[in-house]
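Read from first to last, the chains carry the letters A, B, C and D; within each, the first residue is number 1.
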Amino acid sequence: MIRVGLLGAGRIGRIHGRNVAASGRAVLSLVADAIPEAAESVAGECGAKAAAAADIVSSPDIDAVLICTPTDTHADLIEASVAAGKAVFCEKPVDLASARIAACLEKVTRARKSLMIGFNRRFDPNFAEAERRIRAGDIGEVELVTILSRDPGPPPVSYIERSGGLFRDMMIHDLDMARFLLGEEPVEVHAVGSCLVDKAIGAAGDVDTAAVLLKTASGKIAQISNSRRATYGYDQRFEVHGAKGMIRAQNVPLTTVEFADAKGFRSDPVLPFFLERYAAAYRAELDHFLDAISSGKAPSPSGEDGLKAQLLADAATQSARSGAPVRLS
Amino acid sequence: MIRVGLLGAGRIGRIHGRNVAASGRAVLSLVADAIPEAAESVAGECGAKAAAAADIVSSPDIDAVLICTPTDTHADLIEASVAAGKAVFCEKPVDLASARIAACLEKVTRARKSLMIGFNRRFDPNFAEAERRIRAGDIGEVELVTILSRDPGPPPVSYIERSGGLFRDMMIHDLDMARFLLGEEPVEVHAVGSCLVDKAIGAAGDVDTAAVLLKTASGKIAQISNSRRATYGYDQRFEVHGAKGMIRAQNVPLTTVEFADAKGFRSDPVLPFFLERYAAAYRAELDHFLDAISSGKAPSPSGEDGLKAQLLADAATQSARSGAPVRLS
Amino acid sequence: MIRVGLLGAGRIGRIHGRNVAASGRAVLSLVADAIPEAAESVAGECGAKAAAAADIVSSPDIDAVLICTPTDTHADLIEASVAAGKAVFCEKPVDLASARIAACLEKVTRARKSLMIGFNRRFDPNFAEAERRIRAGDIGEVELVTILSRDPGPPPVSYIERSGGLFRDMMIHDLDMARFLLGEEPVEVHAVGSCLVDKAIGAAGDVDTAAVLLKTASGKIAQISNSRRATYGYDQRFEVHGAKGMIRAQNVPLTTVEFADAKGFRSDPVLPFFLERYAAAYRAELDHFLDAISSGKAPSPSGEDGLKAQLLADAATQSARSGAPVRLS
Amino acid sequence: MIRVGLLGAGRIGRIHGRNVAASGRAVLSLVADAIPEAAESVAGECGAKAAAAADIVSSPDIDAVLICTPTDTHADLIEASVAAGKAVFCEKPVDLASARIAACLEKVTRARKSLMIGFNRRFDPNFAEAERRIRAGDIGEVELVTILSRDPGPPPVSYIERSGGLFRDMMIHDLDMARFLLGEEPVEVHAVGSCLVDKAIGAAGDVDTAAVLLKTASGKIAQISNSRRATYGYDQRFEVHGAKGMIRAQNVPLTTVEFADAKGFRSDPVLPFFLERYAAAYRAELDHFLDAISSGKAPSPSGEDGLKAQLLADAATQSARSGAPVRLS
């Protein structure tokens, strides 16, 4: 049994904690949180004990840590954990500053420990299956990737202010997905952003509606669009056009019920938000992390993947502000 | 915590055992099975102990029993359990003989204990939501019910021989669903059956392809068709036509991935069999049983529902053999 | 150019007249109708002249006649037309009495002229393509046919009274489709009917909601259900389950537009009625008739097909009344 | 009856000629083409006479001309036609050079005659209905427009060389559609293009795969992607995300037939190319032109719409070449 320590017992930490407890191959031993009651609650539910983060990181009885704390603590905790010989899973992003991420990754490399970044969407069964078929060659060479991603509603402005902005906070998942689907690095980023959903977001210096155009060295193209609000649920789709065909992964509806009357046919909204839509993805993500620990293989997405997505998010942020495209080397 | 005893640790018993263990409001205490290793395995997985069925039924530390043993033991176990003051959940059918069911239900009534029958499909989130909307009046008065149900492949002939025949073993679920959706008792049953899938099934005296036409006293009509084989998964659908509209519940695909090329668009097969398709239904079914125990309300579907479905299955069996419709009083 | 005479210039006669005029290979020469203005109107629109039916039938300048008059004139007009050496297309049914149909067909056979019956649905591009694939073996041996057919609303009771009843007037199309899809003659007919849509229909001695169960000698099963009312358009679908797969033909929506909001996804109702849904079918039907004339091959569906569908409709009518199945030899 | 002259009897000219002949409110009188046989063929089919273009333009017996000749003749023919007092319908584009378009439109304005540009997609029943609902406020304020458009296969390189490039030849339709859907002018254009389908296209100086990002003054965003090849038919879709909901118009499949087996569900490819997909659009487009002539109202899309789409195509061409966005005043 892999002994796991959980750092951060918020909404996402609780999900990972439960998945560890239900995995059958790992045990949740210790849980830390800045709010002791949160740590106690998750620990109690999952048969673990509450502890201080520093004690978890240094404990000889912990094999792996899951970092689900606020972003500004991630890099330090990663460094401390790998220094203590732990395998590390960290929620995205490692840091809002790319330079800090790079410095952290260097220490991870030197420590020769594995670091996995929580780009959960790669593990959504629909998205993962589509990507598997793309890599298997079903659609031939990838040419055009289209990613549509809309949140059900905007987060509080207080969250927006600390988030690093839409491109780093929300679109980073789609930028990672674009890399995942393209199978090649984007080298050119055009971005536009607007504040159309909530003026308070604009007042806080951010956008709530945005689109990005990416191009790789070989000419593959990806487009992403984001909105902080969708009336019909959490909209998460993509389609990939290739030389031999097209593949897409659609949303998941609440139920398969359809109703018909004189107004036409009505089917359900899509799953409301990430807890519902990505429940299976979180389980598969944890499984992959545990597999990597067991087998000694490097987990994926790696810290490097986290850095590359962040650099794209930085480029998009800059492009949307300057109105000029940004080239990446 | 409701203390649950599990009688029968086969495929379906294991599902219920796990769901009890994960329910957070009940505890799986004891598990019995004719094969001790099976009982030990489920008990071990769910934090329970293996025990003899008779000891579970009589144990003062058990509040409720789940009967998942072979059909020919159901009625006796129900009678013993209610006599011992337990709440009882029993997999369908109570017995292959309707008279035996009726006798058993009388004892349940006299014992004033609750008996719930495992017509799991009523708890499928898609089916349940469709029925909820029908009862809410969304489609007005129900007029025509169409139920399509196909298994992925036939069971072994040895199973068929003990099953009571397709109408009692397989279609009984659809007959219950017809009652559930019609909201009124069928009084006329026309059935036809054929052996088209596997000649060995015909040699065993059964059919593998069948259809039934039901009519209620007020003239509502239901049609059901069954096949023991579908190449594209476990096909479980219905649609209900009413005065104000139509409602249907569709299958659930493996994933939402779609692929397109010169041959057209391809999407996934439907979920392969009942373990996958009805996983959520089994959880909701157990929840309902536990709710009923907690609240003291009668669970549904009841033993009476089990008997009525069995009488319809008997009528269909007779109609398919005689070629004449059967009227129920 | 094939010279065509049109007998009957009502709604369906006008469709056929226009299709002849637009065919590029036939010319509409003469048009008859009991209401002279109707004949003049269609003739004017299609470059033809109005004439008496008897004159059209006997005219040496007419190669083929299209019979779109009231049902009680069909058999006489067919007999007169084949006697005069014309190729004949006749709207279903030849007569409400099967014996009269049989007598008429004998005269057609003796005259060695071709007679095609207007079962237009066989020519619907969706239905025709599904049938083509079934005959090509895509789903293997046919096992279960399910046909759902609902009119948008009931006709006037005055029409119902002369119609021969739902089974002969409305379901006859589905009975023909069942024969078409089964590829084998039904030998057993179970029918049930109810009056649920409009009490006046019941008062007129007919039903408005009905279902039929058919079985062929080899055990293939078909089910059909009909309603005289559907709130969401003209509902015309079927699915065929076979040994190797399933094939179905769905409805055609008004447009491909989809709308989503918090209530879910909404798409269009299906095409409103037969003029819209079967516009392409009527063209293809006429093409087939003209092909048959040009090539000298017998058209299909034949008079025999018309008779067999009528015998099934008779059997269904009888079964619904008596409550007992009817066997056909 | 409106007397129509057709200039250009190629593939698209023939469609318009037939639609005039079938309209019931206009008559095709004269047809011109550089290839006399082409003019004769269309004239013969539609009851018209062949004539020289100059004679059609100057004929006092012609009310309206349809210009379907090669692009480099459009502007001159428009000018001559409006000078001669004709109503003019012209296939896009008026000219490959925006300055020439602007000069031509000035003459049209001075002549006070109407000019309609053949952006046929606006008249597709699916697209038109979606736009109607957007304008009716169904989705609230428009925020994000996504247009996916792929041809079934690339045209010959000889065509590409004279075409003005993908943005002016192919994407111009999508740029017009973006304006149509946004309801506001784009002021910023980012474009990327690649040659991924056919190297000969790249050798000819063009791209075959491209995407554009547009932004309006109020911050609405549109993205368009194009490929010169799609394996599954002529792919023509869009979706529009607004404050109150989302609306999309999907492709039209060949038939509604679905097949299922162990590989899953298969449905038809989409309609193969513009002749099939936009057959109804061409009829509705002509109807609108004839309506405008009859009512004296200005037709839409106007010459101004043609110019604005061309300016966007110019901007996209420039942006894709320079790698920098282009701002429009």
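Criterion: contacts are C-beta pairs under 8 Å (C-beta built on N, C-alpha and C of every residue); 3 or more make two chains touch, one makes a residue touch a chain.
None of these values were measured; they are calculated from a predicted model.
Peer 1: When I count C-beta pairs in contact, which pair ends up with more: C-D or B-D?
Peer 2: By the number of C-beta pairs in contact, the winner is C-D.
Peer 1: Since chain A and chain C are copies that touch, is their contact same (over half of the numbers shared) or different (under half)?
Peer 2: Comparing the two copies, chain A and chain C contact each other through largely the same residue numbers, since over half are shared.
Peer 1: Based only on mean CA positions, could you tell me how far chain C sits from chain D in angstrom?
Peer 2: Roughly 40 Å, centre to centre.
Peer 1: With chain centres taken as the means of their Cα atoms, state the distance from chain B to chain D in Å.
Peer 2: About 57 Å, centre to centre.
Peer 1: Residues touching two or more other chains, restricted to chain A: which are they?
Peer 2: Residues 231-232, 244-246, 260-261.
Peer 1: Contact residues on chain C for chain B in the complex?
Peer 2: 141, 143-144, 146, 148, 150, 188, 190, 192, 194-197, 209-213, 215, 219-221, 223, 225, 227, 229-232, 235, 239, 241, 243-246, 323-325
Peer 1: What does chain B use to touch chain D in their complex?
Peer 2: It comes out as residues 231-232, 253-254, 260-269.
Peer 1: Which chain D residues qualify as touching chain C in the complex?
Peer 2: Against chain C, chain D makes touches at 22, 125-126, 129-130, 133, 138-139, 244-252, 255-261.
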